Structure formats: structure tokens, C-alpha cells
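Every chain is named by a letter (A, B, C, D, E and F) in the order it is written, and numbering of its residues begins at 1.
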Amino acid sequence: MKTALFPGSFDPITIGHENIIRRALPLFDKLIIAIGSNTNKKYLFSLEQRTNWIKKVFEKDAKVEVVSYDGLTVDFCKKMNATFIVRGLRNSSDYNYESTIAQMNHQLDNSIETLFLQTTPHLSAINSTIVRDIIIHKGDASKFVPKAIQQDFIKK
Amino acid sequence: MKTALFPGSFDPITIGHENIIRRALPLFDKLIIAIGSNTNKKYLFSLEQRTNWIKKVFEKDAKVEVVSYDGLTVDFCKKMNATFIVRGLRNSSDYNYESTIAQMNHQLDNSIETLFLQTTPHLSAINSTIVRDIIIHKGDASKFVPKAIQQDFIKK
Amino acid sequence: MKTALFPGSFDPITIGHENIIRRALPLFDKLIIAIGSNTNKKYLFSLEQRTNWIKKVFEKDAKVEVVSYDGLTVDFCKKMNATFIVRGLRNSSDYNYESTIAQMNHQLDNSIETLFLQTTPHLSAINSTIVRDIIIHKGDASKFVPKAIQQDFIKK
Amino acid sequence: MKTALFPGSFDPITIGHENIIRRALPLFDKLIIAIGSNTNKKYLFSLEQRTNWIKKVFEKDAKVEVVSYDGLTVDFCKKMNATFIVRGLRNSSDYNYESTIAQMNHQLDNSIETLFLQTTPHLSAINSTIVRDIIIHKGDASKFVPKAIQQDFIKK
Amino acid sequence: MKTALFPGSFDPITIGHENIIRRALPLFDKLIIAIGSNTNKKYLFSLEQRTNWIKKVFEKDAKVEVVSYDGLTVDFCKKMNATFIVRGLRNSSDYNYESTIAQMNHQLDNSIETLFLQTTPHLSAINSTIVRDIIIHKGDASKFVPKAIQQDFIKK
Amino acid sequence: MKTALFPGSFDPITIGHENIIRRALPLFDKLIIAIGSNTNKKYLFSLEQRTNWIKKVFEKDAKVEVVSYDGLTVDFCKKMNATFIVRGLRNSSDYNYESTIAQMNHQLDNSIETLFLQTTPHLSAINSTIVRDIIIHKGDASKFVPKAIQQDFIKK
């Protein structure tokens, strides 16, 4: 059984995340969306809210599991029997950052491989930080989040 | 009437900013320098101080207007009837960051275009963060700020 | 009168080029599409063919002029009274290459400014070299060229 | 059945290629090493020689198939029933180049996904062009090629 | 006498730092490891602890001196009669960041040159932030720190 | 005795090369400018012409030696007893390319270190290819070459 982890903050989940997850799904028997829950980090949305949105987006995808975790990603992979990590790349800054983490994870546990997918071009500018900025400033962020949860982001 | 916005923190304005603004001026009928005033962000200099310096630098440029703003840049563009945003680029990290913001802004409001100018080579290392660092450590930052305000930065 | 030059090989013109040109048009009174015609360079399509396609794409745009040139771009700018060069950027490799040329041109003639626009996300992967490769290998490149000339690229 | 294509010139195969292929193998039922055989391109080694080396390196790997191809990679994927392309990344220049090709391929045929693996750190400088340069200049390139074929590259 | 400064936080020193320092040593008569001690910055380890580890790693290297400093790096260079700064580079994001600082330092004091060494490939993913993250999460970071201090990092 | 090699095509030498060489000189007892003379490569200027220009530029610098070479750079280093290679960096594309070569050279002969200097900002756009392009098109390239040889490049 091939199990992959897709770790992230998902604060909130965007159409960029959704796109990578759906495209990676055919490769695996199980894909675990692992929501980071770091007590030292400040999130805009609660863990419960972030979790509920992701569950709604993938409620019809039997292979997708949604969990939260704290600690090292490689330790959580081992606990979940996941031997692959999936990450999306948008540009070369993403690449420099993510490839370093992938190499460190591989050195911590060489049974874990990270696979990268290039974001679909029309989604390559979607950025959680900017999405949060839009929400904080009462802008309409609905076009940047998955269809299943868009109504929660429409500006009234 | 072609109106452009040049948004930034200007904490403080540097010769890098001044160079981009002066080179972009011939393209527009009005160029609005929009000083970010984000209550969650800590600035080294007060909004009043940052504004006064910029006004002094451009006091003879009739096309330049200096204002402060909070909120989304695209919303402020609309309020000011600006359809262009001008940004300077120094290196590929700048480029990756700025191009993502430009694309997000275009998706939020497709009547707004962002134009990039490459920093003049001898100014390509000027960086507000490092300028602030010099000031904090009592160094002489005068060579990195516009002539009109240099005397305020000379180390005594 | 504000005149800009958009230089390139256009071998052939793609929807990426068209997008940048249309978005830059509102800024200028005239935009000259300058087709490089370098005797030392091998093109897939003849200068005549490349020119005809571009003319067809912009036949309703009174501000657009299509010409060919050989020699230094800054010399041709001067001859055409163009004080701006427009270039599109797709990723940081483009940026490193284009910004160097822009700086050299500015040093050769400091009355000439280069303006960069970021490619619209869904077009950011369009690349003339790959388009030519598709054509050479009898693939269907029609989705990568402007609508007005698509029929010439459909694979039969 | 999950089939992936690993396309390249392999002129010659290096330990960098071998590393990516071995790490990608667990994900697939079949991995086709597709050796580019472009009549317009000059290779240092003949197609036969390049093929023989690869076959020797993977002779004990039942999942690996070695073939040559000309034409578009997506067309060859379809012919071989491969729905994944695997590529290695060494640095951000690689990334910019490979991600553009991946996006173009996805637009030509959206049933084909490209997966990227980051080269293992100690192999991240292995570069076929430099390896060829070493060979041309009678240097010892044996440490840069897979163990199974090293004896062919030792400088006498 | 050629004196170089190798500035950093060393929170903690890694095998990446050690590698750059040892490779740079033959160039200089004295190499000063300058530990940043910025009161506004939060460190995981105390200045004393960071200093002790570095001293232990280089206790047999007569050319190496270990000091702490606050303030501008160029001011500290002058105080220590160091005319060279040594920095390691791992990837292009490092490069963009470090080259800007090097240029600013050169503009503040043009008698100071910064020399860059490329990290040895197998160490190019070592990153202090990730090492700290491993330590915080009770992981085993011993393989990322110099041999002389590894026992302090082994997970019990 | 510390000997460094500064390899290149120098077709022709630019103020960018000169700047890096002069800044690196204080570090070494001898700096060998090694002019590549590759029979498979086409140069704009003859080896003799390229050599004469460099000799003229550095005629008063006793530490500088000018030689030509063919073959692997590491082999030539050994022959000349040079244990350092010096290279200039202008932007992140340069960096990606040069760092790969540096790592390969270090793997071929680990007694050889490559040192990088960042180009002085106002010279960071100087590019031999563009300089050659200016010369080919009868432009004035004199401002891009060292003072000592400028008269050979002035456009009449």
C-alpha cells in the first residue's frame, strides 16, 4: 500500500492545494492531508475550522484522510506508514525552500521520498499569505478557495 | 489620465525607490506614492516622518502625490483611480515575490496592471532592511537615501 | 507621443506575446512590434511569414505597427523615436536574462527605459522554443498561438 | 498499471540519473527509460552505446525498460501507455526549465503528470555536459557514472 | 597579515559552517568566527553555549579565533583588522540574500571584500533553522553538527 | 605561495572581469589569467588579440600572469600549481552555473577551491555576449572595456 503525506498549514486551504492533491491522488492508495498544529505559530483560522474545510472539499474522495500533527514531519510519516511526501511548487523560491526541506527529511529518514508537482499555470500565483491578507482586509477571497467551501469566503 | 500607484513602506525612502519613481514618471500623468500604514506592522519611523521625507524628495515634482493607506492595494487603486502599479526589481528573489503579488492583484481586479522596472545597477543592492540595520547600529546611512534628505541621516 | 518597442523573434508569435502586447497597449500612443531579422540566426519561419501572422493578429489595433529590424535594439529605438521597450517575464530565468539586457541598453542610451510585465499565470509556460518543437514534430500547436491565426497551426 | 517515462539524452547516463530512477522505481509498476534520438542533435556517444550502458546498469531491475524515441515526449507517453513523466531537479535553473516543459506537456495532454524528485545532495553537481567535457579532455569521469559501467570510463 | 571574519548566529554551529571554515582557512593568517549577539533576536542556545561549541570544534586550529559581537559587521571588521568576510552559499536564494549584504558592506567600507564558497554538495541542505526544528521536536540532530560536539545532540 | 587561476574566454575582457581580478589580487601571491583556447569554440577575437588586451590592462601588476590553455581547468591548475580558482558572480543564473562547475572541479580534485566574488553593483550587467553583439553591430562598446584598451573599441 502506497501512502503519501501532504503536510501544510492550510490556513485556509486554497485551490492551489486542492489542485496538487487531486493530481497526486492517482499515484497513491492513501493520501493523508496533515494539518500542522504548531503551538508556537499563530494561525488565522482554528485547527477545527481548517480541518472542517478540508474534510468538506474531499468528502467524496475515499483515499483522502485528514489529520493534524505536531512535531517533525518525518516522525509523523513513520507513525502513519507514509513513505512519500507530496509538495507543490510554484516558482524557484518555493523550489529552493522545499528542496532543502526534502533533502533534510531524506537525511533524517532515507525511506521517505518527497515528490514535487508543478502547480497548474493558472493557479501558480495563489498564495496563502496573500489570501489571508485579502480576508483580513475584508476582500473577496472566494475565487482562491475550493468550490465546496467558496460560500464561506464571499464578501457580503 | 494615466495614474499609477507606487506602494511601499518607505521605512525610510531610499535612493533605490527614488530612482524607480523618477524613471517611471514620464509614463504617467500622476504617480501616487502610497505609504503602507499597517497597524499590525512595526515601523522604525512614524508615518508622519516617512511621509515628510518623501514629500521633501519630490516637492518639485507636480505629478507626484504622497498619501498613506491601509487595506488591500487593489482597493486603494480603485479609490484613487489608479490603473497601474509600479514596482522596482533588484534580483530574482524580488522578482519571485513581486510577480506573485502582481498576478494576485490582477486576479482580484483585472483592470489593474503592474509594471516592473529593473533597478539601475549601482543601486541594486540598496535594501531598506539593511538601511534600517545601519541606522539602528548608529552607522552612516546617508549615502543610501535621496540627496534632499541626506542631512537627516549623517552620523555625527 | 509615447512610443514603445516590443522586440522579439516571434518564430512564431504566441498567445504569450499577444497577452503582453495587449496589456501594454493602454500605456502608449504607439507600440512597434519589432521582428528581429538576424542573418546569422536560423528561424523556423520566414520573416515574411512571421510578419504576416503578427499583422493579422493586430489588424484592428490602430496603435500597433509591425516592422523588422537588424542591428542593436537601442539604435532601432532611436530611429523609431521609441523611448520605451516592453518585455514579458515568465520566471526567474527570464528575469535574470532580460534584466541584464535592459541594464545594458540603459547604459548604451539612458533615454531608453525597459518596462516588464508579468505573464498572465495561465500563459506562463508558453515558450516559443517548445512551440517550434511541437510544430517540427507534427504536433498541434494551435492552442499556443493567437486566435486570429490558429487555423494555420491545427494538425490535420 | 502505473507506468512512468524517464526521458533524456543519457549522453552518457550518470550517477545522477541512476539515483533519480532508483528512487522513483517503488512508485511505479513499469519505468521506461526513453533515450532521445533526435537526428538534428549531435551526441558524443551513439544511440547503441548509450542504450547498452543503461541496459547494463538496470539489468537486474525487472520494472525498467529501455527504449529510444524521436518526436514529442507526450506522444511517446501515449504510445507507451505512460501517464507519468519523472524528472530530477538539481537547482533553480533546472527547475525553471523543467517546470515550463512539464506545464507545456500537461497542456498538450492533461492526462500526463510530471513528478519531480530532488537530486540527492552529494550528486547535485553531476552534469552530463561537464561529464562529456571531462571525457573529451581525456579526464577520468568514472566517479560520475554508475558502478556497473565505471570500467568503461576509467582513464588509463 | 590576512584576516577574515566569518559572521553568523551559529545557533548551533553545523557541519555546513565547519566545512566552509576549514576550506577557507588556508587562505588566511587568521579567521575570526564572529558570533552575532543581537539583543533583539531570540536564539535557541545561549551565547555562552554557542561559543563553547565552536571553541571545541576548532580547539586545534591555531588560526581560528572565536568572538561575539553586536552592531554592524563592517564596524566589527575594522575593529578586528579584518579585510575579508567569508560566507558559504547553498542555493540561489542564499546567493540573492548574501550578495546584497556583501554589496552593501562594500559600499559602507570599500576596503572590505566578501568571499563566497559553495557548500560541498552533500552538505548543501544543512540549514540551522531546520536543525533547530529537529532539536525542538526532540529529533536526533547529531548528524548535522561537527563530530567534536555530536554527543551533545544525540537523542537519548 | 598562494596561486589562483581566473579562467575565461575574455572575448573580449570587460570592466567586469577587470574589477573581479583587481579585487581578488590582494588575496594571492600570483593570479594567472587563463584564456580558454578551445578549438571547437568560435571566438570573435583571436587568441593573440585577446591575450594582448589582457596583458595591456595588467602590465603594471607584477602578480598577474597571462596564459592560454586548452583542456580541463583542474588539470591546468595542477600544472600551474594553482590551488584556487576565482570567479565573479552577477546574478542567480550565473550562480547556478558557476557553483555546479565549482563542485565538479572540487570532486575531480579536492585540493582545488573556487572562490566567488560578487560583481560590484554598477558592473553587474556587463556581459561579454552583449558586448560582442554591440561590436558586431558597430556600436560603441568602449564603456564596457578596461580604460587601458578603450581606444580600440571607440566607434569612429
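In this section, a residue touches a chain if its C-beta (ideal position, glycine included) is under 8 Å from a C-beta of that chain, and two chains touch if they have at least 3 such contacts.
Just so you know, these numbers come straight off a predicted model, no measurement behind them.
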Fewest hops from subunit B to subunit E - one hop per pair of touching chains: 1
Chain whose Cα centroid lies at the greatest distance from that of subunit E: C
Chain whose Cα centroid lies at the greatest distance from that of subunit F: A
Between subunit E and subunit F, centroid-to-centroid distance (C-alpha), Å: 30
Separation of mean Cα positions, subunit F and subunit B [Å, integer]: 37
Interface hub residues of subunit D, defined as touching at least two other chains: 91-93, 96, 99, 103, 107, 121, 124-125
All pairs of touching chains, each written as two labels joined by a dash: A-B, A-C, A-D, A-E, B-C, B-E, B-F, C-D, C-F, D-E, D-F, E-F
Interfacial residue positions of subunit D with respect to subunit F in the complex: 90-94, 124-127, 130, 133-134, 137-140, 143-144
Subunit B to subunit F touching residues, read off their complex: 91-93, 121-125
Complex interface listing, subunit E residues touching subunit F: 2, 23, 26-27, 83-84, 89, 92, 95-96, 99, 102-103, 106-107, 113-118, 120-121
Subunit E-touching residues of subunit A, taken from the complex the two chains share: 71-72, 74-75, 92-93, 96-97, 99-101, 103-104, 107-108
